[in-house]
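Structures are listed in the sections that come next.
Two complexes come next, and they have one chain in common, chain A, joined by chain B in the first and chain C in the second.
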Partner chain A sequence: MKESLMDILCCPVDKHDLELTVETKDDEEIIEGELTCTECGEAYPIEDGIPNLLPPDMRDEAAA
Partner chain B sequence: MSEESESSSTPTDSEERAAGDVQAVYDRIADHFASTRAYAWPEVESFVTAIADHEGLDRGLDLGCGNGRHTELLAEHGADAISVDVSRGLLSAAATRQRDHGFAADLVQGDAATLPFADDTFGQIVYVATLHHLRPESTRRESLAELGRVLQPGGLALISAWSTAHDRFDAETAFDTTVEWTLPGGETVDRYYHIYDPEAFRAALNAVDAIEPLVVTVSSGNCYAIVTTADSDATPITWPVESIL
Partner chain C sequence: MDNVDSDDNSDSDNDRPSLAEQRGVDGHVYQPAEDSALLAKAAIGDMTAPGRVLEVGTGSGWVAEQVASETDARVVGSDLNPHACRQARERGVEAVRADLVAPFAADGFDAVLFNPPYLPTEPDNEWDDWMEHALSGGTDGRRLIVPFLDDVGRVLTADGAVYLLVSSLTGYEIVVDLAEEAGFETAEVAQESYPFEVLSVLRLTR
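So, the complex of A and B:
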């Protein structure tokens, strides 16, 4: 994902701003990292360049 | 061989939130599904080209993007395109299409009823063949309210859902069903659908304060609507959207 996407993304649950942590970057593309809600603290993973912003209950369901 | 056949079992519109089912189903059939969905729907093409001809596109959302065929349409017509889907498998298919066809779009995994976007983000939204997969009814309503929240004042969204008007259905009023997807090996996967009758579709849109329907119609067995925000007085649409559908 591109960093410019941060301008429009928010926490799906409470709609507050997210904080970006980059783990791996390829040129301008963030490949691995994390988006953390500045309000509720929920962390959303960025995997293979795609942020997973499903609400926590749906994310857990998928992993199960 | 038909890829889709209606199952004999009729699910109830349970109170349990069931978007996880949609996710699991489409993750399972993603590659085959994507390979059978090559072209944009004509109704979506009319919507996108009409906006391109009039006011132009700015930031466009393809909500329930599937393999990204309508994201491509938005990007081709000048939108800063964002694709959202609940299924990781379908997003991978969309990423492949993006590489193969050479268009730019940002991909986000998300739920149509809990959108991860700030208010008033999108000038255009395409929400096609997705609403009918959500259940229960309250989730479909939340999803329409979320669409209204992220749509810019005066922005336009195209919404479609499967209709009782389709040849394959006998019922005249809205109902819940499952439709089988047959994988190449013969294995079948059930997908939940809420099939709208045109009046129920109109009522569902009218029940949501955040959106205002401008046109509601039936085309190719689907209910379609073009909606704007309830507070669209801020930026009135200066051309006739009725002509699109």
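So, the complex of A and C:
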């Protein structure tokens, strides 16, 4: 994901802003990292360039 | 999509082909079909200088890719299905794994496109895999349309528009009523007839 996507993302649970932690970057894209809600503290992974912003209950039950 | 609930289906449940087989699709991700083409064409033709566009349930990412190539908009595709997110990203679409519009910020998009899973499916005929998620609209075909309409207004700019693909199998008038109950004005911007259904694209504005 591009860092500018942060402007249009929010926590799926409480709609507060997210904070970005970058682990690996490739040119302009974040490949691995984490998005953390500034309000509830829930962490959402970024894997293979795709942020997984499913709410925690759906993240666990959704099959891979 | 073909109507899978035809009353003359005399095959046992075990013998009847899956929706995926009927559609000639394979794998875990819904591939572009007539409905995708109609949605892309209608939205591209109707939008005026959109800045940001979201396609919900982007699947293979084909519709989002068409919008990105035909307009100057920044296009984001979301899907519940991780396989779909990967395919969309491989097409060059910015992909987000999401439940409908839940993780998108208020007033973020000038247009939101959605070709929902809409085939009415009896619970006994549901099969729990990603292709079912992509095709089945639950018993009335409107499983995801109601929660989508409840929340999509939040992520739209004041002048923004939703482009929603509706099949006659889902109940066109009922979907129009649901959209109006959710506070939208509706207009049909495209319609095409097929042997088993009529496909429409509804534009929803406030």
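Just so we're on the same page, the second predicted complex is superposed on the first by the 62 of 64 C-alpha atoms of A that agree within 3 Å, B and C clash if a C-alpha of one lies under 4 Å from a C-alpha of the other, contacts with A are read in each partner's own complex, and residues count from 1 in each chain.
Here is the rule we use: a residue touches a chain if its C-beta (ideal position, glycine included) is under 8 Å from a C-beta of that chain, and two chains touch if they have at least 3 such contacts.
Predicted, not measured: the structure shown is a model, and the values here were computed from it.
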Overlay on chain A: chain C relative to chain B, clash or fit: clash
Which of chain B and chain C A:Cys37 touches, first, second, both or neither: neither
Which of chain B and chain C A:Cys11 touches, first, second, both or neither: both
Which superposed partner A:Pro55 touches (first chain B, second chain C, both, neither): both
Set intersection of chain A contacts, chain C complex versus chain B complex: 1-2, 5, 8-12, 15, 44, 49-55, 58, 62
Residue numbers on chain A that touch chain B, as the complex places them: 1-2, 5, 8-13, 15, 44, 49-55, 57-58, 61-62
Of all residues in chain C, those that touch chain A in their complex: 52, 76, 80, 82, 85-86, 89, 94-99, 102-106, 108-109, 128-130
Of all residues in chain B, those that touch chain A in their complex: 17, 19-20, 23-24, 27, 59, 82, 86, 88, 91, 95, 106-111, 114-119, 121
Touching residues (chain side chain A, partner chain C) in the complex: 1-2, 5, 7-12, 15, 44, 48-55, 58, 62-64
